[in-house]
Structure formats: C-alpha cells, structure tokens
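Going by the order they are written in, the chains are A, B, C and D; count residues from 1 in each one.
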C-alpha cells in the first residue's frame, strides 16, 4: 500500500470528515427536536441501506425489516437493562431467571442484536431460497408477524404487550451517525466487490448468474443475513434512543415506510437509499399539514387524519409506474459526478 | 475423450424429451448438436449444465460423473455456456459482465471485501487485468465501461462468449451462437470460435441451425429428432443422410 | 450532504417558530436553583422570578400546553374523541386567573412510538410547552413520560390506566383510575351485589389494558372468595371465537369477565348467544361506547361494564355545565367518557397553573397537580396523590334496549 | 370434550376453511397467470365487505342486491387495479409488480380509513342467516351451513369454467406459457383481466361471508385474512384451484383445532398459517397439488 492517497480517496475522506463535523455541530448547536429527527434519519439510513441490499441490489423482494428490527430492539433492551430494572418492570408474568441475568454494555448489546438477527435470517434462508424469489416476500411478511406474536405471548421474556421501559439512553448522534456512516461504507464496499457484482447478477438474470458459476443461494443468503444484521443493530439503536419499546412499534407500517424510502431513492442505489431516508423521514414531519384542514383560499377541506398515508401509497404506486428508477435509479452519487465530468 | 453421455433419458411428466442418447466429445473437438425445433437440443444442454437432472443415464466429464451436481458447481469444474437468446446482465457494464465470470476465481472472503483488506485490492486488480485481456481478445475492450445492453447484437454475442470464457472453462457450450446474425457476422464468428478454441484450449459443443456454419466449423455432429439420435458423424455426411434430410424437410414444411 | 441536511433543518425551524416566542424559560433557572449552583445564581433567579411576576401582572403571557394524540392511524377514533374534550375545555376556559392565555399545540403521533418520541421532543424543545396532555394508550404515554420526565415537564394522561405508568416517575400524572381499582370494582360488585362466585376471564394478550385489568380482577376476585374456572387468551383482531365460547359453555361459570375492547367483546357476545351461552357478561371501560352496542346488536342486552362517568347522571356542577355547553355547541347530548376525561386533563392542569405564582413554571405546576384535592372535574371528583394517580369513583352501567343505562356509582 | 362438541368444532373449521378457500382461489389464479403475489387481494375482499355494508346500511338494498353490488363492484375494482397498476408493468422486473401490489393494498386500506373511519362498522346481517339451527344437538347459525354450501357450488362453477370453456383452457395454458395462449388466438391481457375479475368476485363473496359470520367491517380486515389465504394457496400448491381449496380447509381446521384443543396456545393461532407455510416450503416446495413453475419457466 502506498502512502499517496488517490483522488477518490481524498473525496471519501472529505465526505467522512464533513459528516463527522456535521454530527459534532448538530449535537452541540441544534435543538433537541432537530437532533431527534437527525437521530431518526441516521437510524433509518442504516435500515434503508441494508434493506436495499436484499431488495434493490439482490432483487429478492422481502418484507422483513419490522421483524429483525424488533429482534434487535428486544435483544438490546434485555442486555442493557440490569436485573433490578427488569424485575421491577415485569408485570404480566415473572421473568425467567436467565432473562434477569442477561447484561452487557452497549457495544456488545448492539453486536448481539445484529448477530441474533443474522442467525435467524440464516435459518429462514433455507426454506425460502430453496424456491425462487416470490415466496420470500410472503414468508418474511409472516415472519415479522410471528415475531410480534411471540413478543406478545412470551411475557416471561418480553413483558408482553407492555414492552420494556427505562432502557438506558445510550443512542446519540455520535452513535447513530457513526454507525450509519460505517453501515453505508460497509454496504458500498460489498456492492463494489465480487459479491456485489454477483448480487446484481442474481437480480438481473439468476440463470445466467448460475451459468457463470455463481452460487446464487450463497449470495442471496449473504445479502439477507447482512441486511438482517444491520437491521438488528438499527433496532438496538432505536431501542436505546426511545428508551421504551413494545410490540406495537413493529407492525407492517414500519416496513412500509422503509419500502417507500428505498423505492423513492432508487431500488439498488445505496446513496439513493440515504437520500430517500432524508426525504421521507424529514418529509413525513413536513407533510403533517396534509392531515390538517387545508385552506385553498376559495375552499377549505376538513381535517382528514390519515391522508398522509394515502398520499404515501399513491407516491409509491406512481414512482413504480412512471419513474420506476426512483431518484437515483441504480446509480450511486459517484456516478453522477463521473457523468458531469464528461 | 472429455465428455461422455451414457444412455441419457429425460422425461417431463409423460413426455420424453430425450430418449436413450449416448455420445462422446473428444478433447479440443468442435462438436455440433443439430436437429429440428423441439428435438431436445437445449434440453440436452440443460442436462449437461445441471439445470435438469437426467431421468436415466450418466454424464461423465473428465472421468468424473456430473450427476446430481448443482449447476454452479459444474461451471466450476470447467463447463461454461451461452444462451440461445442473449442473457447479459442488463444493468451492468461490459466489464462487470465479464467480471462475474471470475466470481469463484477471485480469492477473497466476504469480510475481506467489507473491511477492504489488501487481498481484496490485489485480487480485484488481478481479475480486472485478466478480464481486460479477454475483452481485448474479442476486440470489445473499448466498450468496457458501457452498459452491455447498449452494444450491437453481434457485440453482445461476443460479450456473452467472453463472459463464458472468463470462467476459465475446459469446455464451452454455445446455444445457437449465430442466430440472428448476417452472413458476414456469421463468418467472423466462426473464425473467432475456431481461434478461441486454439488460443484458450477449448472443447466446444454447439447447437446450431445454420448448416453452412456447422459444416464450416464442426468436426463432428449429432442429429437429434424428437429426443432420438438419428445420426452421428462428420457434418458433410449428415447432409447426405436420408433420415436427417427427412427430419429437416418435415421441419421446414411444418414450421417455415 | 451537509447542504441538504441544513436545508431540511431550516425547514423544520420555520415550523414551530410560527408564533413569536417571547417567554423566558424559567424552568432552567429554577433548575439551577435546585442544583445549588451558589448564592449568586439563587439571587439571580429570585430577581428573575420577581421580574417575571411583575411582567405577568402588566402583560398577559401566552403559555403553551402540548397535546400528543393519535389523530390518524389505528387508534385515531379514540384519539379524536379524547382531543375533542381537550379542545372544547380550552374553548371554555382559554385564559388563566392572572390573564395569561393558553395555547394548545396538538401533535399527531399516528399511534406510533417513534412518532410519539419525536412529537414529545418537539413540544418540549421547539414549542417550549409547560405541560403535556395525553398520548392516550399506556405504551405511548410511557414513551411520552420517559422523555418528559427527564426534561421536568409534567404529563397528564387521560385514559392510560396501567398501574406501572406512574411508578418511579416524578412528572407523570393521570385523571383516570388505575386498572387495579377497576378490577376490584368489578370483582366486588360481582361477588357482593350480584352473588356470582365463579368466573371465566378472557384476556387480550396484545392489549396492555386487558392484561392489567384481568390481573387486577383475578387478584380481587380470588381474595373475595370467588373462583376463576378458566382463563382464555385471545389476541386483538381476532374475529372467530366459536372455539372460545364452546369452551366457556363447557366450563359453565356464573359469569364471564371480558376486559377487552369493543370489537372483540362484541364478537364474543354474539357468538355466545349463537351457541346458547347466556351467562352474564362484564367488561371494563374498553366497551364504553356506542360502537360496541351497534356491533353487538341484540347479543349485548344485559351486558354490564364499568365506566368513569355517565352523562345522564352528571356527578358535579361542572359536568352539568360542560354537558350543557357541549350540547349547545355540537348538538350532541351524549358526552363520551373519553371526551370528559380529555377535558379533565385540561381543567386539572389549568387549576394547578392557577395556584402557581408563575403558571409557566413546570415544576411548580407539577407539584400543584399532585396536590390537587377534591377537584370538581367533568367526569367527577378527582383527588390526586403524591405519585400522580387519581382517586375517583367508577360507575357501573348495563345495556338495556340498545342503550347504556346508569346503574350505580362505586366510590373508592 | 364429547362427540357433540367435537362435531361443533368441525363445523366451525369447515365454515372458516371455506372462507379462506374462496379468497385463496383468487391468489392462486393470479399467481398462475402473472406469477404475482397480489398483495392487494385481501383488501379487495375488504372492499367487497364494505360494498355489501354500503349497499345494505346506506342504500337500504336487500341482501341479495347488496351481494350483487359487491361482487360486480369488486370484480370491476380487481380489473381496474390490473389495468392501472399491473398491466403497464408486464415487462418490468417482478419486484416492481410486487411493490405496486403493496402500494395498491396500502392505498385501499387508507382511503377506506379516511372515507369511512377506522372504527368497525356493524354489518346488518339478514335475520334468516342468524337463525339458530339445531341438528342432532348441534346449535348453529344458518350462515355456518350456507357458507360451505355456497363455496362448494362456486368451486364447481369455477372448475367448470376452467376445464370446459375456451377461456378456462386459456387460463390454464397461460399458467405454463404465454406463447401458447397467443397461438390460440386469444389476447393474454384479456385472459389476465378475466382472472382478476373472477378472483375479485370470489374475494367479494368471501368478504361478505366474513362480514355475515363476524358482523363488523373495518378497513384493515383484509390484511391478516389475505395473508392467511395466501398461505393456504401455497400450502395447497400455488397455481392449482383445487389446491387452494384444500389449503384453505387445512388452514381453517388448523386454527379451530389449535384454539379448541390447545387453548394455552390460542395466542399463536394466527402464526400457525405461516409456520405451516414455511414447513411446506421446506419439505414440499410446490405444495400439495403444486405445479413446478420454476422448471416450466426455464
């Protein structure tokens, strides 16, 4: 390795440095509301880029994020809460002794959150990738659903629908932003390697990929487990940000929001997923006006709570029909600059 | 002898697509598989490449049976293929298409790629160099950064063959390589296949309709009709064979 | 990247800054005071407070009160009904004794936890509210409290009944009774007044409310000498209870206790009648609405449930006035319990603020909320305790001829 | 548990199973012709139930007229979704289709939520359907007998259409190869439209039955039922109408049996369909009467 840093590496360093500076600036200057939204954006960036890896890059349509995020959140919460905090909370049933004994610091908690999700993904991949594609969608949808049912019906571990409270608030912009940066970097590294190429090949033409000697089962499983790992970590960060989790947080709405993000950003584009996150998470706050009465000057509409969700689904359909590529298409931000130079 | 099919039969439900077929392909040979539409040629390819499992019979490649192996494992043993209708990876550049062929040859792990270990850079450099050499051989290096599907039809064929060669095969299976090409393109392709055989030490098994192309290129042909072998031998002799002519005439009458 | 984020940041900034924000933030100063930062700070604080007092006499301030409510999403129906009460109460009493006006800031949380957290943070850090009302369900209220407690902003919950909610919290309050009280009311009423000795309990695993109420009931019922012959778990969203009611029929209890919400309770009532199971049925306040009677039809005749309040028997002068004003404004005489409780969160807050020298001092407001005794609310007399829980009466109603009829009031 | 109670549970399972079956048929047929998991199908069922409610409670129509309104309306809606959201994407990657399907599903749920509100609406069940019938000690509402009976009649009709008419033949052919259908001189798009119409009409009937048995309608009612019906279609073998019916009954009976005989696992009732789905994928990926689409596509 040479000491001389190439031009594109300079650019990467500049991006990383300015992001870190922004994190520092934001956490010391912005008000808490803005910081919270930035935290949400950082966490959803992690979730979106990892969801995009299986859905966009590998082209395997899955609907799992709510399930893995839930697992990550619960694992983290159980590891962060100490025995006393747990035994005081459990109200429906007494917790199992081993549940009380669980304890770890934040880094290990996040790691185990990811690991646990990834292992579950590995188990799921065997039935699902035995057959092609489509079944993944329904199985993962069912999986998210089962996770919620398990969380509700095992109060000895999860405290049932009451959920877990008083989780130590470890998440801050340094954690969420830092891990988001790592996640984007790691995913881009995967995409720009033989594994990323194989994932795209599976998406474009699975038979042809097999004919090139690609072990498509392995590639799909890699993508699925990587997604699950990061979703677990994201769930852990979310739990440590909210300090309180319960099964009703992890419904299909959660997945739907991520789906909008990656479709809008451009399926298959990692930087697109980041842009989509900023637009959707930021935009959802901005779009609050849709739920309120609207005054068009000559005519006032009544308040229509829920209108936001209608608009979201219409956006999703329209993007698919008329702008199938989303904002970034399958390109990355880098490619745009390349074009501009020519 | 490099590939041997012994008494291979393939049934789909009640339909017998291939019936008790036996043939051998020798090393460095260009072997043609011909026959009218629906004769079972592509099915034969799919059996060799492991996409279908033979109902009966054995496939022996370099003295080892291929039965039961997964398609990607068969590729790794040295059998590469192209498709009847070109199937390039449409979102990827010409270079990336060819690099897919190096997938199992680049020796670095998933974690090494995530964390960008030195081995990642070394291996990527190596396979990119090799890919460039193949592209140069096929005279399409100048398009390497273009989207594969933006190329002309003839060039896309070349990319597909280049991509197959990237897997470093011993044997290459070409499914109607000349389909949809004009005579001069066909001529060029025939020469290219011949020289590739010599330069890459290949054995080639190909499916083709164009008898002129087959005549010019193949050392030996096998004629199939409704899953049955009706002729095996030199292409020049095949044209004179009564049964072959009957099968083809019948084919012409019914389809063209 | 930074440019985009900054653009968005400015966009957000515009949002809460719609209204001029000239209020001095006193909570910070009192904060310093508490932290014993030295004589100088204390003096400064005293000075600031007296200046503020002077200012409040001369210029009426605007005090912001936040409301976090599910106005859309699956809980929208409940959120809307509750907010109606808060809004109407605000309309009736928009100013404090000292002339300060109250501004309500409503933020929709879609019934979602992430949004609840964002909404609560926004209310505290951008809108600088003095107190927060709501968040409806126990899980979302817990989320709001978790954030507000750290910022020392009092929260008053309207209908979050889970016992654990206010534990270990300084700034959590509620105007409703707790699950444990409601469970006791039902158990005692069934045992002593109706003489029912055996019960089947159907508990909805997915609802915090159901779990808490079922637990409290079981405890009280066993203590009073009753016997739980069977406990059946269901999940909200279920429609088919044929297998459940068959089991109850063979268990043959004296009565059924269904601490459920109206969709499941009504289906169970209907399917019980279909197989000829005609045991008395009892629920908590989860079925206290007209939709339950509509859904249940003839099958819910004779169905009993506890409630906070009944508009046909107004417990206080304030409720009479409120109902009259409400009827005049909306044309509806039937005041829903949730609306009454929503109104009470607001009235209780205003009452506490009136007793503070500086009504925008969150800590004082919180202390005064907890010191409230004998407060005449729309939904009844409310006594608050140190932990922020309300002691109040419950009413028992029975459904007769498609209408919920007041039966009796149970005092704690 | 005595024999009578056992029989009671069996009738319950039969009634529940036939409702799943009616909805599963739509999934299986659409999957057959388009290889698409039509996520919006469950919501079409919800629309069917709502149209029935609208017809009776708002327009004051008699039950049968409301059923006709619901069936026709849902069939049109099904065909419309195909035309608007799926047809423009015939050549697009499958993932785009799946995403629009989710979009349509969410759109229907939310637009009904905005129009009618999220609270359950009481479905006005005609009195004769609520009448209690007593057969040898079994007490049943009349609807519990009517649902399976109508299902069987409809199933017969569907099979007749599929196997005895030109269009049915085309539908079956389309499941294997688009070209064959074009060779038959039939427009594949027309066939797909018919499939959507038929599937949606059956879903509407399923929705009305659901509303009759559990007389409340709400915008989210189609989600879970739809998912379970899809699981039923996969268990039975996706692409096969007979399989969808068998799968529907299996899921229906499993649910009833779980709640009746393993009450402590009652909370897991909804999870069983998916567990069954995963097991089927593990051991018999093509389902009970399945067609191997992977191979036929190659």
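Rule of thumb we're sticking to: contacts are C-beta pairs under 8 Å (C-beta built on N, C-alpha and C of every residue); 3 or more make two chains touch, one makes a residue touch a chain.
These numbers come from a predicted model, not from an experiment.
Visitor: Which neighbours do chain B and chain D have in common?
Guide: A
Visitor: Quick one: how many steps at least from chain A to chain C, stepping chain to touching chain?
Guide: So the least number of steps between the two chains is 1.
Visitor: If you tally contacting C-beta pairs, which pair wins, A-D or A-B?
Guide: A-D
Visitor: Report the chain whose mean Cα position is at the greatest distance from that of chain D.
Guide: B
Visitor: Using mean C-alpha positions as chain centres, tell me how far chain A is from chain D in Å, no decimals.
Guide: Those two chain centres are 32 Å apart.
Visitor: Counting in whole Å, what is the centre-to-centre distance of chain C and chain D, each centre being its mean C-alpha position?
Guide: Taking the average C-alpha coordinate of chain C and of chain D, the gap between them is 40 Å.
Visitor: Distance-wise, how many Å sit between the C-alpha centres of chain B and chain C, to the nearest whole number?
Guide: About 72 Å separates the centre of chain B from that of chain C.
Visitor: Quick check: what residues of chain C touch more than one other chain, meaning two or more?
Guide: 73, 76, 205, 233, 235
Visitor: If a residue has to touch 2 or more other chains to count, which residues of chain D qualify?
Guide: 113, 118, 267, 270, 298
Visitor: Among the residues of chain A, which ones contact at least 2 other chains?
Guide: 149, 152-153, 203, 207, 305-307, 309
Visitor: Which of the residues in chain C end up touching chain A in this complex?
Guide: 1-2, 4-5, 8-9, 11-13, 15-16, 71-73, 76, 80, 107-108, 111-114, 117-118, 121-122, 124-126, 138-139, 142-143, 146-147, 162-164, 167-168, 205-208, 211-212, 215, 233, 235
Visitor: Mind pulling up the chain C residues that touch chain D in the complex?
Guide: Touching chain D from chain C are residues 73-74, 76-77, 205, 232-235, 237-240, 242-244, 246-247, 250, 262-263, 266-267, 270, 274-276, 291, 294-295, 297.
Visitor: Would you mind writing out the residues of chain B in touch with chain A in their complex?
Guide: 49, 51, 70-72, 75-76, 80-81, 83, 87-92, 96, 99-104, 106, 108, 110, 113-116, 118, 120, 124, 127, 163-164, 166-167
Visitor: For a test of understanding, state which residues of chain A touch chain C in their complex under the given definition.
Guide: Touch residues, chain A against chain C: 15, 18-19, 22, 26, 30-34, 36-38, 40, 88-89, 91-92, 149, 152-153, 155, 160-163, 165-166, 238, 241-249, 253, 275, 278, 282, 285-286, 288, 291, 303, 305-309.
Visitor: Residues of chain A touching chain D in their complex?
Guide: Per the stated touch rule, the residues are 55, 59, 61, 63, 124, 126-128, 130-135, 137-139, 141-143, 145-146, 149-150, 152-153, 203, 207, 252, 256, 259, 263, 267, 304-307, 309-310, 312-314, 316-317, 320-321, 324.
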